[in-house]
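Presented below is the structure to which this report refers.
Letters A, B, C, D and E name the chains as they come in the text, with residue numbers starting at 1 for each one.
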Amino acid sequence: MDFEPKILGIACNWCTYTGADLAGTTRLQYPQNVRVVRVMCSSRINPSFIFRALQLGADGVLVGGCHPGDCHYNTGNLYARRRLATTKKILEFAGIEPGRFRVEWISASEGNRFAEVVEEFTTQVKNLGPQTKLKIQE
Amino acid sequence: MTDFKKIEENLKKEAKRLLESGEVTVVLAYGKGFDEKHPMPFAAKSVADVDNIVFNEYCNYNMARYLVRYPQGTKIAIAVKAADSRAVIQLIQEEKIKKENLVLLGIPVIGMKNPKTDEVIDSKTTCGMHNPVLYDVLLGEEVHGQKIVSPYDVLAEYEAMDKDARWQFWKDQFDKCIRCYACRKACPMCYCDPCFIDQNKPKWADKAPQSPGNIMYHLTRFHHLAGRCIDCGECSRACPVDIPLYLFHKKVAKECEEMFNQVSGMSIEDKPVLVNFRVEDSDKILE
Amino acid sequence: MSRIGVFVCHCGLNIAKTVRVSELAEFAATLPDVVVARDYKFMCSTPGQEMIQRDIKEYKLDRVIVTACSPLMHEKTFRKVIENAGLNQYLLTIVNIREQLSWVTHDIEEGTAKAKALLNGAVYRARLLAPLTSRVIDVNPDVLVVGGGIAGIQAALELANTGTKVYLVEKNSTIGGHMAQFDKTFPTLDCSACILTPKMDAVLQHKNIQMLTYSEVTEVKGYVGNFDITIKQKARYVDHNKCNACLACTEKCPGKGVSEWDEGLVKRKAIYIPFPQAVPQKPVIDRESCTYFIKGKCKLCQKVCEQKAIDFEQQETFSTVKVGAVIVATGYDLMDTKPLVQYGYGQYPGVYHSLEVERLFNSAGPTGGKVTLRDGKEPQSIALLHCIGSRDKNYCEHCSRVCCMYSLKFAHLFKEKTSADVYQFYIDMRAAGKGYEEFYNRLIEEDVKFIRGKGARVTDSEEEPGRLIVEAEDTLTSKFLRVPVDMVVLCPAIVPRADSKDLARLFNLSTDKQGFFMERHPKLAPLATMTEGVFIAGVCQSPKDIPDTVAQAYGAAAEALTIVVKDKMELDATTAMVNPASCCGCQNCVRVCPYSAPSFNVDKRVSEINEALCKGCGLCASVCPTSAIIARHFTNEQVLAEMEGLMEF
Amino acid sequence: MLKKTAIEKISQLAAVLMEKGTLLAPVKEVAGHNFAEINDPQKVDLNFYNTIISPKGAFFPPKEDFIKYKIGKTITEAEQIKVDSKPVFLFGVRPCDVKSFSIMDIHFNAAGIIDPYWSQRRKATTIFGYAYDLNQPVDAADFYNSLGIYAADPEGSDIFMVKKDKDLLLKGITPKGEELLAQLNTLVDAGKDDEKYYEETLKKGKEYKTRFLCIDQDVIAKKLEAVFNNNDFWTKVSSACLSCGACTFVCPNCYCFDICDDTIFGKGTRRRVWDACMFTDFTLEASGHNPRTQVYQRLRQKINHKYSYHVKKYGVISCVGCGRCTRSCPVNIDIYSIVEEALKL
Amino acid sequence: MSDNNPYIPMPVQIAKITNEVDTNDIKTFRFTFLNKEDEEKFKYTPGQFGELSIYGKGESPIGIASSPTELGYVEFTVQRAGTIVPGLVTAALHDLDEGAQIGLRGPLGNSWPIEFLENKNIVVVGGGFAFTTLRSLINYMLYKDNRKRFGEITVVYGARNPGLLLYKDELAEWEKRDDIKTIITVDKGNETWKGREGFVPAVCKDTAPSPKDAVAVICGPPIMIKFTLPVFFELGFSKENILTSLEMRMKCGIGKCGRCNVGSQYVCKDGPVFSLAELDQLPRDF
């Protein structure tokens, strides 16, 4: 059987989550590997959420927020950008494949972008194979 | 080479003067330990204490660690080497201390050593600067003309590693961790009480000294110190099982410097990079 | 521990066709703490709601999970449902298995498996939910309307008639908007001015409306019920309190500026009112064309003004208004067609865009209502080119919706005012509106030539200098046509105002791909936005005709009224708070908060959050190294638990 | 019975022991040596002074799982985790560390409640004591002499080992040790000169001097009780202390632990993990009250516990002078110096 | 090892939950043992405590509120801990329903010294929530066969307001009895409160129990203890004859984990009951 990755998505309420809804409303089809947690703003995402997600066995983590400048809370995603970029560097130096973590700006109107990103990211994570490094072995 | 004896004399002289005049109530410096190779961090509170002050190549301690322990408003003199002065600057940036309550006794120095191995540690486990960035009194001649060594040079070997090899390297390192928390306790920037890892709600990780909890602790700590670590190397020196934490901190510092174009602890005007942003930050940093 | 009820909605077949809903409910029943799990055809229907309420009582549920459509759709509905059953509304969790699952897959295996994972995550999260108390705030009874076009005017009047105080902000020196530029309106061909100017006057006269023309919103603070809005009054250089609208100044003024009102077809004075029926009837000075401002002397206007109303020293001023709700009705721009060089706009004098033509028909327009070309001649043949930039993947994907109809109106007016041949180059004729199809049929009768093919190119005629050739493929005959005409009218795409991005930022509005403001829900909340208390009406939301615009204005007024009519309102309780026992005093929260909600208590050495200012984004919680900040409803534990649940299966 | 083997053949001995059970022996790590479960006999390395972390982990591991549980729909299934009863060979333990076990025994068996984990592991284990190499200089931090322990003390070991040049001499001390020694066929019988060397080493061990302070346990216990409220003293000696747990985690006699439940996906383990009285939250009560918020209070607790409370409760100092805490302390706090100073007060 | 492993909780079932106070944050849980032999093993004396254990949350040491004379069950009165961040175990326990299973370890710690108390007049002073093991003691002493072993029994029990008094029904019953003098007081009453108003120390002073052949058993919030002790000293009670139960963070409950160490004592094993004279021997480190 093909490896079907488990991907954790964390989406901001105002843009990416709404965009994901739009993808549904417009009946776009995309792989169902991403399981989305809704938060109010991408800036809510504590870097430890990412580490924890990988420990919980996520093969990839996809974060979605409003485009810089369009944050519902003005500047939240600008902080998020810095904090998540740093998270990414840390994962990379720890030896975790950087391709397992991705941050995308997807607006409420970009349903197709959401579908595209999910499609791309799923393929990418699929190619990387199961994430075993951080996953907690029971 | 640095004249350690001379600095020790000056340190004593200044400490005496400051305590005598009442300008400060504490002088944070270095004191005698159980032998010469093992000096200790020392808080001189009276003129009589000054005799106990020493300075030699093993006085690696970053005395900035102790600043937050004193009540706000305490007048403190503190001996600072290059990285230590950066820690002070960073703490001022973070409004944990106020410059006006401090007298910085700057120590320009080359040739600090690791007492376990007797190796010179400059720029290897530390930031590689020789002169304090900020000081009120300088206790020795500024060091000039030294070959400039990037503190990030030591990273080359690890950056060149294959990611799986690097993972194995860090996993082995973190597996050694016994969770004594000497790293965070020695760190001048780790002033959180309680530390996130000690919490039950939310419980970020297991308390047991085993892989998942250890990794969560260290990775999150690296993130908490991103853009704040001033590369004094104290975490690694404090570690009883010699985990080279400094490497990771240096790597994060290097990345932060590249991404945000700001070096931690260099100016009291700066704002810590991760609680700051620029509209023109590039999305490239996320790639 | 908890007593969770799980309610799985089929949504007819919307969900049930790609998720085995009964299996999902059975699965839910096996999860710890789930005491009842059911599936039902339409959970949001009355029987569905009653089922939930019955179960809450019967099974003493303390948490409810509704597995249905997006929370953005029905979270509020179900919150009310459980609240009416005596449960705190925040003890609800919605699992989105429609928009983000059943609609985006065809595979029922995949759909069912993912639905289980999502539901499990919700159960993990639900266990940790805490009842929250909504904040009750005082509501300011006033409303701000941004934009003085027909939408803004209508909304302002409606509100004002209910006794609500309205501030109407208009960027131009007169209200009226695009509609005031038109001569006739389709399909009834009634006179635009006749129906609009009385409304403009009513605004002016209304004691509950404070009109702020020549003004712009520059800052928005606060939140629903309590907005503090800073408005910039641009310098008019005319003291409107003194001016008695004698307009002597405008006659004497030697300055010449481009008339924006007449779409640049003619010049106007430097001190001017845009058009005779302008409201207010008081002039402003355009710095750019004023001789005094250019050369440093003139002041003729000042000399003739008996009221001493001219003030060259006037500065822009800022004032703040406090309102409880806002209606944004900022209208549209026409797409700039110059970049579409194939149509020759700006290159050939015979090429016009639609608003220019509106002015040509208008008796108060540059030609006094006569249709003449720029050289004064009457055109003998006229081509109307539809869909310029609209329905075009390269520019605007959307249909601008009114072009077909106003082109018909143009054709009719051309026929009425000239003897020209009129050609319509269209892709599809869209006439879905009351009386529209009939209007179309009427025009077919009026000997207008309809060519089903998009105008591809406009060139000048080699054979007949001065004339233009419109090239197109007639898709009905598959023939390539070259039609010589004297006048080409482009129907450019309707696009958002150039400054709509800034406005979106000010009010935290989302915009769609094109830049039109996004409604909260396309069907169920077409006038509300993601920002509580801010509503949209008219073309700023999407292209539409006057009847729809006016209808929206009424709707938006009603929406705004539902807020300001009450003295008090509930705000989301999802704010952040500090657990002082864990606060290490790093002040990161204070540094990052966009709303200055956290502050540092110097004596206690801990941060404190002013919940009235908090909007619940959670940024402070994520920068808090000691997890001392609890972002209610999105606490660290709740998010971590949800993640754990999502990853279990 | 005295046996011997060449030190370079130690891996053969290791292999035999691994067949019989679990072998815990010093292995070289980057920072120094530590006891570890041996999977590869070549890894056993006796070329060490003393390990960084004490061998207490053999009986009191950093984490000890008690119960595995699975949170179910109606009830939580729980299953006790049994201690592996396979024989364990703890190889190469310095005399001071051997002594620490007997001190820990008192606590873990005290007051009629026997800690089953400690006692079962103790029973299953054969201890190979190992004399310090008398030809090497003593480490400046050590002070086991002050606690009446000598460099070549076989007491408490089942088998005691002495290094003689390139050979390792092994002597059965207890019947358990004797019996095992007889089974170890890679060993050869030692000669007369070996016997002599062994006996001499035990004697010379007394001359191998660490730091020495005359510590009468009752005197120090009383003294510390008396200076309990001398905040100046405690503040001074703790002014450098970082309040980390390094000293307690490397200590052979620190036994504080925490019990925690670690759960993931509804399945979890209740386990005990090492804890340290030096941590801020060690005594933090649910009410928020914490009797020991200050560093000096915690350092005082640690020292008093070892040198005063433990004496009063169990009649013995809970310290063997191995010097680990001093060596591992990031700021070189020296318990010996503190005791010395306290005695001067 | 399973039989004697002191770290393994015995399974118990919640037989009954009683909400004690208006604020709903103190409940009394009655547990029955799932294994009959566990009940035999759980032989306790008033003043002892047990570790309530919920897998995934942890354990919490709670004083036993029932009397050993009540057979077939054991009761604990538990306060939901933590205001901003709730305590793990107590919050979980409060969310449980009757019939739920949890774990129990014990009995742990020493107890009220019954032999020492015999033939003496007993003054029981309690404040607020810290009345649980006192209730155990009182019910033990009032038990028909036991009553004669003790002299006069005086109970002074106070709470901030009437709604916060525990065991209201029992209090009423005690008030009716003539072999026990029961004085209930609240700091501040309400419309329906007909009883006494006043702080515990003041009420003790008014009551003025004689120190002759008497022992005072005092449990309450620190502030109450602080002001009550001087009253008893003044009345002439010696430190040996004033007993209290010490609070200290505990974990293992069997004197192994070192957490509750104060001086030479492990509060969980050697305590929690101490006389003031014994407490004086301990360093002030609690």
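We take it that contacts are C-beta pairs under 8 Å (C-beta built on N, C-alpha and C of every residue); 3 or more make two chains touch, one makes a residue touch a chain.
Only a predicted model underlies this, so the values are computations on that prediction, with no experimental measurement involved.
Listed here as common contacts of chain B and chain C: A, D, E.
With centres taken as mean CA coordinates, the chain nearest to the overall protein centre is A. Each chain gets one centre point, the mean of its Cα atoms, and the points for chain C and chain E are 65 Å apart. A separation of 52 Å divides the Cα centre of chain A from that of chain E. Distance from the chain A centre to the chain C centre is 29 Å, each centre being the mean of its Cα atoms. In terms of their C-alpha centroids, the spacing between chain C and chain D amounts to 73 Å.
Counting partner chains per residue, chain E has residues 85 touching two or more of them. Residue positions of chain B touching 2 or more other chains: 193-194, 196, 201, 204, 274-276. With touch defined as above, residues shared between interfaces to two or more other chains in chain C number as follows: 581-582, 592, 623, 636, 640, 644.
Against chain E, in their complex, chain D makes its touches with residues 66-67, 69, 71, 75-76, 78, 80, 82-83, 107-108, 110-111, 113-116, 120, 225, 228-229, 255-261, 263, 266, 268, 270, 272, 275, 277, 282-287, 289, 291-292, 297, 301, 304-305, 308-310, 312-313. Against chain D, in their complex, chain B makes its touches with residues 31, 33-35, 37-43, 61, 65-66, 69, 116, 176, 178-182, 184-186, 193-194, 198, 206-210, 234, 237-242.
Against chain C, the residues of chain D that register as touching in their complex are 71-73, 264-266, 288. Residues 200-201 of chain B touch chain E in their complex. Residues 6, 8, 13-15, 17-18, 20-25, 27-30, 32, 35-41, 43-47, 49, 52-53, 56-58, 66, 69-70, 72-76, 79-80, 83, 107-110, 115 of chain A are the ones that touch chain C when the two sit in their complex.
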